[in-house]
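We just call them A, B and C in the order they show up, numbering each chain from 1.
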Amino acid sequence: MARYIFRRLLSLIPVLLGVSIIVFFLVRLIPGSALQMYLGTQVEATPEQMEELRRIFGEDKPIPVLYIEWLGRLLHGDLGYSLRTGRQVLPDILQRLPLSFELTVFALFLALLIGIPLGIIGAVKKNPILDIVIRITGLLGLSLPQFWLASLMVIAFSSFRGFIPMGNYIPFIQAPLENIRMMLLPSLAIGIGLAAVIMRYMRNSMLEVMQMDYIRTAQAKGLKRKIVISRHALKNAILPVITIAGFNTGYLLGGAIVIEEVFALPGMGRLVLYAIYQRDYPLIQGIVLIIALMFVLINLLTDLLYAAIDPRIRLDQKET
Amino acid sequence: MQQLIPEFALTKRRHESMSRIFKNSIAVIGMCIILFYVLVIVVSQFWLPFDPLDMDTINMLQPPSFETGHVLGTDEFGRDILSRIMKGAGISFLISISATALGGFIGTFMGIWSGFLGGAWDNWIMRLADILFSFPSLLLAIFVMAVLGEHTYNVIIAISIGYIPQFARIARGSILSIKNNEFIRASFASGASRSHILIHHLLPNIIMPIIVQSSLSLSVAILLESALSFLGLGVQPPYPSWGNMLSSSRKVMILAPWTAIYPGLAIMLLVLGFNLLGDGLRDIMDPRLRNIQ
Amino acid sequence: MRDASKPILKIENLKTWFKTNQGTVKAVDGVSFDVHEGEIFGIVGESGSGKSVTNLSVLRLIPVPPGVYAEGKIVFRGKDLLKVSEEEIRMVRGGSISMIFQDPLTSLNPLLKISLQIEEALQQHHSMNKKEARQKAIELLRAVGIPDAERRMNDYPHQFSGGMRQRVMIAIAIGCNPDLLIADEPTTALDVTIQAQILDLIKSLSDKKTMAVILITHDLGVVAGMCDTVCVMYAGRIVEQAPVDELFANSLHPYTIGLLSSVPRIDEAKTRLYSIPGSPPNLIDLSEGCPFEPRCQQRLPICSRQYPEQSVIDNSVMFSTPFPSTHLVRCWLYTDHENLQKGDNS
């Protein structure tokens, strides 16, 4: 297992490098963005002045060199300075990270909590009407725009102030119950779509697994049906669901941005939107990098979880 | 279960089972929904109940009623919601189809070559796809919009970039699964050229998965475009997009919920249509449509 | 001590069908045979002959829709297994009757250690604690010939070779000392060299534990080396049954003869290999007559109209076997059996 973890970590490096390259170059594509980083948004300069400034700031070096320098600063934790506030970008991002992180994780948790049991029930109970209901519900959940659902929630719960955060955020550590009460609806809005996806995948996976030979063997041993399902079928059925949940977390991260906007929550998503409205390029760069990093890490965790369950991935095959 | 009843023990008569009809009808319902929207779009080119840009502040925030003619009500500027929804349909549709087509073509192309050529090409192209995949789609779209600026055609590019890895993976998967088939090798052995094999053998196998993926991508594209418009990064006001209608309704939606309900409903229904179509098509494609109840 | 005359399993006119959208597949349509204590009973047939379905029916492992146990009885220890409660059949499964399957790779759960897969069978049928179960499991692995058993307990199925996996399956199956082991094509998925080892293992376990075995196979070579009694199935019915030596020396049914002729022999110089012409029938549209008739070289007019009755050919004087034996065949050629002499296939 350790060897597998090591290998996966190693394979992350080129991906992370690639991500950083894309972020760096895309921002560079914005005309004037490079100099703006030094001068702020208020300053205008003639082309000659721009040339001069470029030389002064060292921006006239070839782009790959600039990239390396940037990467170097990055690895030291220097993500640049915000054009608007002049402060370092990283600490501001990190301050907002817990909120976005909690939203995403809570949404994932809800999605699994709702999706997996419903999927299992859909597979185990052989009811054709239930089948159709699950299918349609699944497709509906997939089709719901998150921000619309959030808006509907705001309308519906407008009399129940306690559930609509609107600008407030109480960290979990401070007051767990209030925190959950506030975060419940936003996380639900983000996660419902994924719950639908998980439900369908879980059901299909269970149905497939139940046809497998090893289920027949388990029955031939005389095991009770409950044990056959829980010990033999579930473990196998949940594997593809783990993978799916993992890479759909990107959907959750994206959704968090929109939902933070709807509920005016002070998270990273809202920050990146403001950064875009105000053309604060270092900030944009920093947040995009961090979110992409989060996504990559989540996928890594997903793979590791998969390997923890499936010995064929983590152990070498030995032929005796 | 299938192993107990080998193929030759069953006749090959065509026989519609209830589940097969159901699976077909999912695709059909999806198709109907989509066609309905297309109809609305076509009609909207020639006729709209009201001018979608016409601000009539005296009549602002009217609830839906048949008497006033504002069947779905008016927004905070007195503009007719139904007309704006109809107009927005065209824009959303256009953006989604363009984005899916663009991303789809590039991605499929990359995937085919990647799978076909194998080796180092395969490695690098898939690496690139993996890197693109590391960005959540909405984040990537937002980022690209930030880089390119807020014009409608940029939305197309922003959304399409995220599709490239998905289509590439599917195309590559199809190619790989057939590439090592015996009859392909036999073709090579009997002297067929690479492009001949590509066109005649490999491409037909790709069509169906790509179509299914396209339908699903179209549904996501609508959601992405609305989200971008909602965030102010997509279609700019005063032009209506379902997303920016929802955005501007935020201030008033508690007092006038119809300003939020109907645009969102329009989004959901169209997305549902594409999802149903894609789902139904995927079922039809499924070789496990054995007729055992 | 083994009592060879005592039947432990009596299958009487078993009919197991499947309801499909294209009609009812009569996978097993009137099968009867007895298995005696310690007997190794072989069932031979092509795919689709109904051999697997028959045996899955014994343990009631056929999924009930679409399957249906249309008729017949399976009597074990005085009870009809088709009619007993869910609780009771579960006690039989893995306890007094065990089954092993064709592909040991897919038949073992890839995510669980084999120690668990053996122990759960033991703990289901005997009240044992974890330690006792583990000990017994290690003994079982040794008994089936797996080296370094204690260490291998913690391995997963994919870490074993094909032959070893089948041994593990056998270990699981014999753990509770069953009276009957049903082996459904246990060696088909294995290398030829390993096949012999597995079959030897099964035979020796049968001898040691007085365990009857139903051995399902399509390979006549396997049958010749292992079985005491053999029956041949075709299209869901038994067409011929006899003690093994009798069947090989004196096969009567044209299908059996065809099967035997298809086996290449070293001592014959043939230019072409023989195969039975035609293909197996559609199990939905079975005709009224003998299902083999379209492919039979010796068909009579009555064969297409009416299903043959069973004839008993008594040759017990020629081949002695400890198990009650008769030579049965379902073929119109032999209905007037009083005129039949040994070796005369008229």
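Keep in mind that, in the parts below, a contact is a pair of C-beta atoms (placed from the backbone, for glycine too) under 8 Å apart; a residue touches a chain by one contact, two chains touch by 3 or more.
What you are looking at is a predicted structure, and each value in this text was computed from that prediction instead of being measured.
Looking at contact counts per chain pair, the maximum sits at A-B. Centroid distances built from C-alpha atoms place C farthest away from chain A.
Averaged C-alpha coordinates put the centre of chain A at 22 Å from the centre of chain B.
The mean-CA centres of chain B and chain C are about 54 angstrom from one another, to the nearest whole unit.
Separating the centre of chain A from that of chain C, both taken as means of CA atoms, is a distance of 54 Å. Looking at chain B, residues 1 sit in touch with two or more other chains. Those residues of chain B that touch chain A in the complex are listed here as 1, 19, 22, 127-128, 130-139, 142-147, 219, 223, 226-227, 230-233, 243, 246, 249-250, 253-254, 257, 260-261, 263-264, 267-269, 271-272, 275-276, 279. Residues 14-15, 18-19, 22-23, 26-27, 29-30, 128, 132, 139-140, 142-148, 151-152, 154-155, 158, 211, 247, 249-255, 257-258, 261-262, 272-273, 276-277, 284, 288, 291-292, 295-296, 299 of chain A touch chain B in their complex.
On the chain C side of its complex with chain A, the touching residues are 59, 61, 90-95, 98-99, 101, 103, 106-112, 120-121, 124-125, 147, 152, 155-156, 158-161, 164, 169, 172.
On the side of chain A, the complex with chain C involves touching residues 212-214, 216-224, 227, 231-232, 235-236, 309-312, 315, 317-320.
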